[in-house]
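Here is the structure we will look at.
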Amino acid sequence: ARTDLVLGVVLEPPHLDPTAGAAAAIDEVVYANVFEGLTRIDETGSVQPALAESWTISPDGKVYTFKLHTGVKFHDGSTFDAEDVKFSLDRARAADSTNAQKGLFAQIDTVEAVDPATVKVTLKQPQGAFLYNMGWGDAVIVAPESAATNKEKPVGTGPFKFENWARGSSITIVKNPDYWGTPVALDKAEFRVIPDPAAATAAVLSGDVQAFPFFPAPEARAQLEADPRFKVTIGTTEGETILSINNKKPPFDNIKVRQAIAYAIDRQAIIDGAMFGLGTPIGSHFAPHNPAYIDLTGTYPHNVEKAKELMKEAGLQDGIKVTLKLPPPPYARRGGEIIASQLREIGIECEIVPVEWADWLQQVFKDKNFDLTIVSHTEPNDIDIYSRKDYYFGYDNPAFDKVIEELNVTSDEAKRKELYGQAQKILADDAVVGFLFELARMNVWDAKLEGLWVNAPIQANDLTKVHWTE
Amino acid sequence: MDTPVAPIATPRTDDFWPRAFANRSFVIGFAITVIIAFAAALSFVWTPYDVTHLVVSDKLKPPSAAHWFGTDHFGRDILSMIMVGARNSIAVALVAIGIGMGIGVPLGCWAAARGGWLDEVLMRFNDVVFAFPALLSAIMITAIFGPGAVNAIIAIGIFNIPVFARVARAGAIALWPREFILAARAAGKGRLLITVEHILPNIANLLLVQGTIQFALGILAEASLSYVGLGAQPPMPSWGRMLFEAQTMISIAPHMALFPGLAIVITVLGLNLLGDGLSDLLDPKLRRQR
Amino acid sequence: MTPFLLKRLGIGIVTLLLASIVVFAMLEVVPGDPARMMLGMNATEDAVQALREQMGLNQPLIMRYLSWIGGFLTGDFGRSYTYSVPVAQLVAERSAVSLPLALISLFLSTVIAIPVGLYAAAHRGKASDTVAMGASQLGVAIPNFWFALLLVYVFAVALRMLPAGGFPGWGAGVWPALKALILPAIALALPQAAILARVTRSALLDVLNEDYIRTARAKGLPRNTVLWRHALRNALIPVFTILGLQFSFLLAGTIIIENVFYLPGLGRLVFQAITQRDLIVVESVVMLLVATVIVVNLLVDLSYAVIDPRLRNA
Amino acid sequence: MSLLEIESLNLEIDGTPILRNVELSIDRGEIRGLVGESGSGKSMTALTVMQLLPLGARATGQVRFDGKNLLAASENEMCQLRGDDIGMVFQEPMTALNPVKTIGEQVAEGIRFHTRASRPEAEDRARKILDRVGLPEVKYPLSRYPHQLSGGQRQRVVIAIATALNPRLLIADEPTTALDVVLQAQILDLLRDLCHENKMGLLLISHDLAVVADMTDNITILRGGQVMEEGDTARVLSEQTHPYTRQLALASTHVPARRKHPLVQHQPAETPLLKVTSLTRDYLGQRIGFFKRSAPTRAVNDVSFSLWPGQSVALVGRSGCGKSTLARMILALDPPTSGSIEFEGIEITGKSEAELKPIRRHMQVVFQDPYGSFDPRQNVARLVSEPLHLLQPTLGSKERRERVEKALNEVGLTTSDLEKYPHEFSGGQRQRLSIARALITRPKLIIADEPVSALDVSIRSQILDLIASLNARYNLAFIFITHDLTVARAITDDVFVMHEGRIVEAGRTESVLENPQSKPAQELVSATPDLHRAIARKLREQG
């Protein structure tokens, strides 16, 4: 059987250190392949042991004691032990840290290397998601010797070693013969960067790449499905795609206007038009595949008349002009055109302003200089963003904040589920933003290839189980 | 004792049209240009369908009686979009030429009239602008000011300036030593007056021909910019963006790429033919060779 | 000769200096913070600040310009914000794709265009001339990105003869690398060839009207001999001018074509760098392109002197 | 059997008849002149023989060279003949040579093609023939490029190319029209010698009767594509039996009836109309270094003279001697390097355009090229009224129109011409327009820079009449720039002979022309062809 693989990715990572950048593209290459954390997140989204063989949690939920695997070596030959864990976690939460997800480590009070194979982490307060957090790419364990150079030459403990990066083109990793765990089937894997949907389609059709998880051109689905050479799967993601509304800015501070928008949106048309049918409508900020999900799509069903009435009640029957800032992905650009057309029917005239990610982060996310925008929030379980102070959509509801606070200190599953339900409901009722759909993940790969993830609880291309059938 | 060498076209307007209609390039080019311009003008008052109204359920329909050129991925009528897109392309290219001419021609004439160091400085400045790969600079300009038709116009317009400056200067420099200019100077006319009264009318043909060429290039440039997402923004349709959007659907809806592509090719072709025809008609040197 | 060269060199340097100011100033006003861009949505403000400090973005404008220019002069082009590798290395890697691409397409367009132009001029007014010029009109009118799409679907997707895009790198062998450049080079070369063929033809026709062509014919030289020995060389000046201009078009054209074929070339590098606010890369690449254009134009000017003895002591 | 026999030759270009029933023959060693006004078909006749006609031309009839019908010859056969048996020299020496090839290459090329000689052999022959035409190797090596030679030298190269293989027939189509008289005489001598040496037939095309009379044995007179008269040169030109021949002969020797400006002694206290003192003009040398230029060209060197109202003077001299430059400085179109120009006692150098206005209205100009001196895009009314711009206060449109009409009348044009454009006029009419424009402000001085050298002989005589009458009627002073002494003699009182930027001789026209003192003046006078003298000599020779 073949032992090589060319896998298409849309975005090229800016560098390869997952602890120093937000880009999902980094994790898509190195997560689970090159770097490993104490825990890892599997295809179903549940937490699995990784470098930590097992752990115990103190009854007050504040102290986690991790038992580490022994005999683990970094790719440069240095040994992995508790000191590396302490170094990694301390580095990530240091004041001058450039870790993009510093929040993950915010609750950590101290990290202590008890012995080479034991680490004790003490939290400031109990945190339900701590083990999950430790499974993020931003929390992988790096060696002090190589931490500084990981950006160009990542050195981890994973089953693959970094080999080469032809910038702008591809990144190649090869099998790590000294891996501590189950050896992988592939000898070599190349991540080829193909940002352009048309080029991606051509590359897949011509066989240049044999797998393209998160394929960027849903319009090619029917064509690819009809071709026996390929296997096409539709998986879930953690991407809640929303029409973000600047809640602080009039007239959107008026719930009637937000409700009107909610009524005006025809989610199915957006999914059909922008995503060629790929995506699940959502009524609140929660992933439908999550056990705690409740279907709230009926809160404000598509109803133009109702929407117009609400606009009238808000005193805006003469219509308003707003801007709709759209980042580059097709869900935003295409979805934006459809939403603009739908909002036009209730008198909201959208000026479409396409922005690059850099501008979006600056103008929308940081300066909060926007009316409407479309974006997919791809972090898992991130409903808590609505409680963040000063978050870009400017939502402020003490009732909601209380639910989130409670969630943070609750570890009982049933209770958590209930709280999640409450939170979803509050957001839906308040029509905080226009909840559109959960981003689907269309994967295409060679029919003879097995072991790739269908779903993406986190953004990663875990190649540890990938193999050719002939 | 007739037909001495006339290095500059005669203003014989009375026989322009008969001659023009005997010129194949001109006739084809003119016809295409008129049709496109008419389609663009018509789109202001009427299009088969509303291009801002999306009927997602009608998406990707192949050409039919109801939609002559089919529909796009949002169910919009492609013929209507091409008509409105023509308006956009023409407007962008025209205004860009206006900018190029409006600044370039006076600069070129000034350089030619003054000569010396001013000429040198102006032309060096021109070289600087020329040295920037135009598309790259257009991308930078739109990156700064944001994408949109207006910025595309500015970006394309700026790069028309040196072109027109060069053409105007070359034409004017050839005219200045001519005897009729000397005669005008002997009549006490200053540089400005001579430029306005004698130079400009006599380089008008050159500029007209260059104008059609730049027009065609402007349409291509606008298409390229739109293609990389920096041209006119939705809901305003543009040919380049239509092509961009069609890219991924070539195998499922080839008509989406075919028609806007043809629209660009035909328009540019028409303008080039028109320019060719015009330069044949207006250049007496060529006329004599025929 | 030398004073001419000196003067051109001086002008070239001034042009570059002006260009550097323009580029730097332009990018200064580009909105978007490269540090924020690198860290993403969830990054805390102090993490961003720490990175800004690290990247030297907090220094005053003039200092940054001077240190950039100073670095330039000493061959230090700085470090890419996004890739955090030396820009020089990045540019060198990318040039290994773009330069061959531009040269191949220049070569292609020249070997297609000059014979076609010669043939059409020699057969002026005949059917073959009309066909050749009609085809060239079409060639000029076709946007190269559209043509590229057609090529990909015919040769890569339908016939599976050539790769649809990507670049294996010269390390993978010369042939695979060249194969990856064939379609992009054709897409780039076609419109250029069309223009060049037209220019060649009309320059030749102009020359063929000159008195000295009549003199040559009066010597008894056959038409073709006159075309090759007397006309072609005189027609080369406009042809070279266009070739020089085309080079800068080719460089710009690569921006789009490299995107269509996802080739890791300079064009895509700048485009990407602009969207990612990797300003230092943009600045360096633009300067490099401007310098290339200046050098190419200088070469074209020098070629004039080689072609035409009247220009040798100008 | 003659060397060349043309019988009932008809030529059409794109359906327009150009030549009708042309008959012409040349024997070995014979020099035949082909004369006629511009457009009469002289060149086309020559090109038919060479079979180098423009696209769309169709010739019928007989053109036999050595008994071989050229009209039926294939292109290959013609290639064998051209350059080997038939050579041709064209009018314009400046453009007749390929600028990117050395003269050696260009001369040797034909030799190699026809004789299959090796390169060194061919170069050797080229060297010989160049030496023969007066370009000795030591001074003019084969590696020279055409731009490194003067017009006369280039014409010698062209002749070298045409005669390199001792052709049996040489066709020279106005070989000297672009050259000045001194060069013209040299080139004509050269052609004559070559003919005699090799028993070569020569077809000499010219519009200048004097040249033809001097050079040729037989003459053919062409008009509108038809042969008017043909025969022995001396006989045809002396008997002038055909009316057209007489018309041509009269026109080319026409002297307007005019009252000579009296020779008066002016007092030093009187202010002359124009006073030029030590006028000098340098043109910057070519740039030869980054900071260096070659030595400047001194186009006008320390020129002084005075001009009195009503006086008509000629400024004559060889090409490039500085005549036009001097004219431009007087017209304040070009700043002098040093010296002064006073018009009616007022210094004009260094004045601004506005200050010049009152002076300009009294000083107008007529240029050589009757076509180029008009903006093709303006109609007569605008063109002729252009100098009215100089009048203060400005005139109303009615007055302007009256003035224009009056000026047109004065030059013999009608008011119906007001709306026409320059291209709708003949060359002579255009030159009249040009004079009308100069007259419109009622100037006291008109500077005419070669105003008739581009005109056909018949039209030239009309214009000379007009100038003479204006000179008399309005007491207009004229500075008449010309290289043609016949013209100078016809209408001027005094003459200044210029040479290399200086005035080398000045005096009453007749006396200078009859009895030149300086060497340049002598050269000029002796080189100027003269119809009567030539005929007289011919007749004498024939006995």
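By letter and in written order, the chains are A, B, C and D; residue numbering begins at 1 in each of them.
Please note the rule applied: a residue touches a chain if its C-beta (ideal position, glycine included) is under 8 Å from a C-beta of that chain, and two chains touch if they have at least 3 such contacts.
Since the model is a prediction, treat every value here as computed from it, not as a measurement.
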{"item": "Pair with more cross-chain C-beta pairs in contact, given A-C and B-C", "value": "A-C"}
{"item": "Computed distance of Cα centres, subunit D from subunit A, in Å", "value": "88"}
{"item": "Chain centre separation in whole Å, for subunit C relative to subunit A (CA means)", "value": "40"}
{"item": "Centre-to-centre distance between subunit C and subunit B (centres being mean Cα positions), rounded to whole Å", "value": "23"}
{"item": "Length of the line joining the C-alpha centres of subunit A and subunit B, rounded to whole Å", "value": "46"}
{"item": "Residues of subunit D engaged with two or more neighbouring chains", "value": "55"}
{"item": "Multi-chain contact residues (two or more partners), subunit A", "value": "196, 198, 205, 328, 356, 359"}
{"item": "Touching two or more other chains - residues of subunit B", "value": "143, 247, 250-251, 289"}
{"item": "In contact (per the touch rule at the top): chain pairs", "value": "A-B, A-C, B-C, B-D, C-D"}
{"item": "Residue ranges of subunit A in contact with subunit C within the complex", "value": "12, 14-15, 21-23, 95-103, 151-152, 166-170, 192-196, 198-199, 202-203, 205-208, 328, 356-359, 361-363, 365-366, 379"}
{"item": "Contact footprint of subunit A on subunit C as seen in their complex", "value": "31-34, 36-44, 46-47, 50-51, 54, 82-85, 90, 93-94, 149, 152-153, 156-157, 160, 163-167, 169, 259-265, 268-269, 272, 275-277"}
{"item": "Residue ranges of subunit D in contact with subunit C within the complex", "value": "50, 52, 55, 75-76, 78-84, 87-88, 90, 92, 95-101, 106, 109-110, 113-114, 145, 147, 158, 161-162, 286-290, 292"}
{"item": "Footprint of subunit B on subunit C - complex, ascending", "value": "11, 14-15, 18-19, 22-23, 26-27, 29-31, 137-138, 140-143, 145-146, 149, 153, 157, 205, 209, 248-249, 251-253, 255-256, 259, 270-271, 274-275, 282, 286, 289-290, 293-294, 297"}
{"item": "Interfacial residue positions of subunit B with respect to subunit C in the complex", "value": "124, 127-128, 130-136, 139-141, 143-144, 216, 220, 223-224, 227-228, 240, 243, 247, 250-251, 257, 261, 264-269, 272-273, 276, 289"}
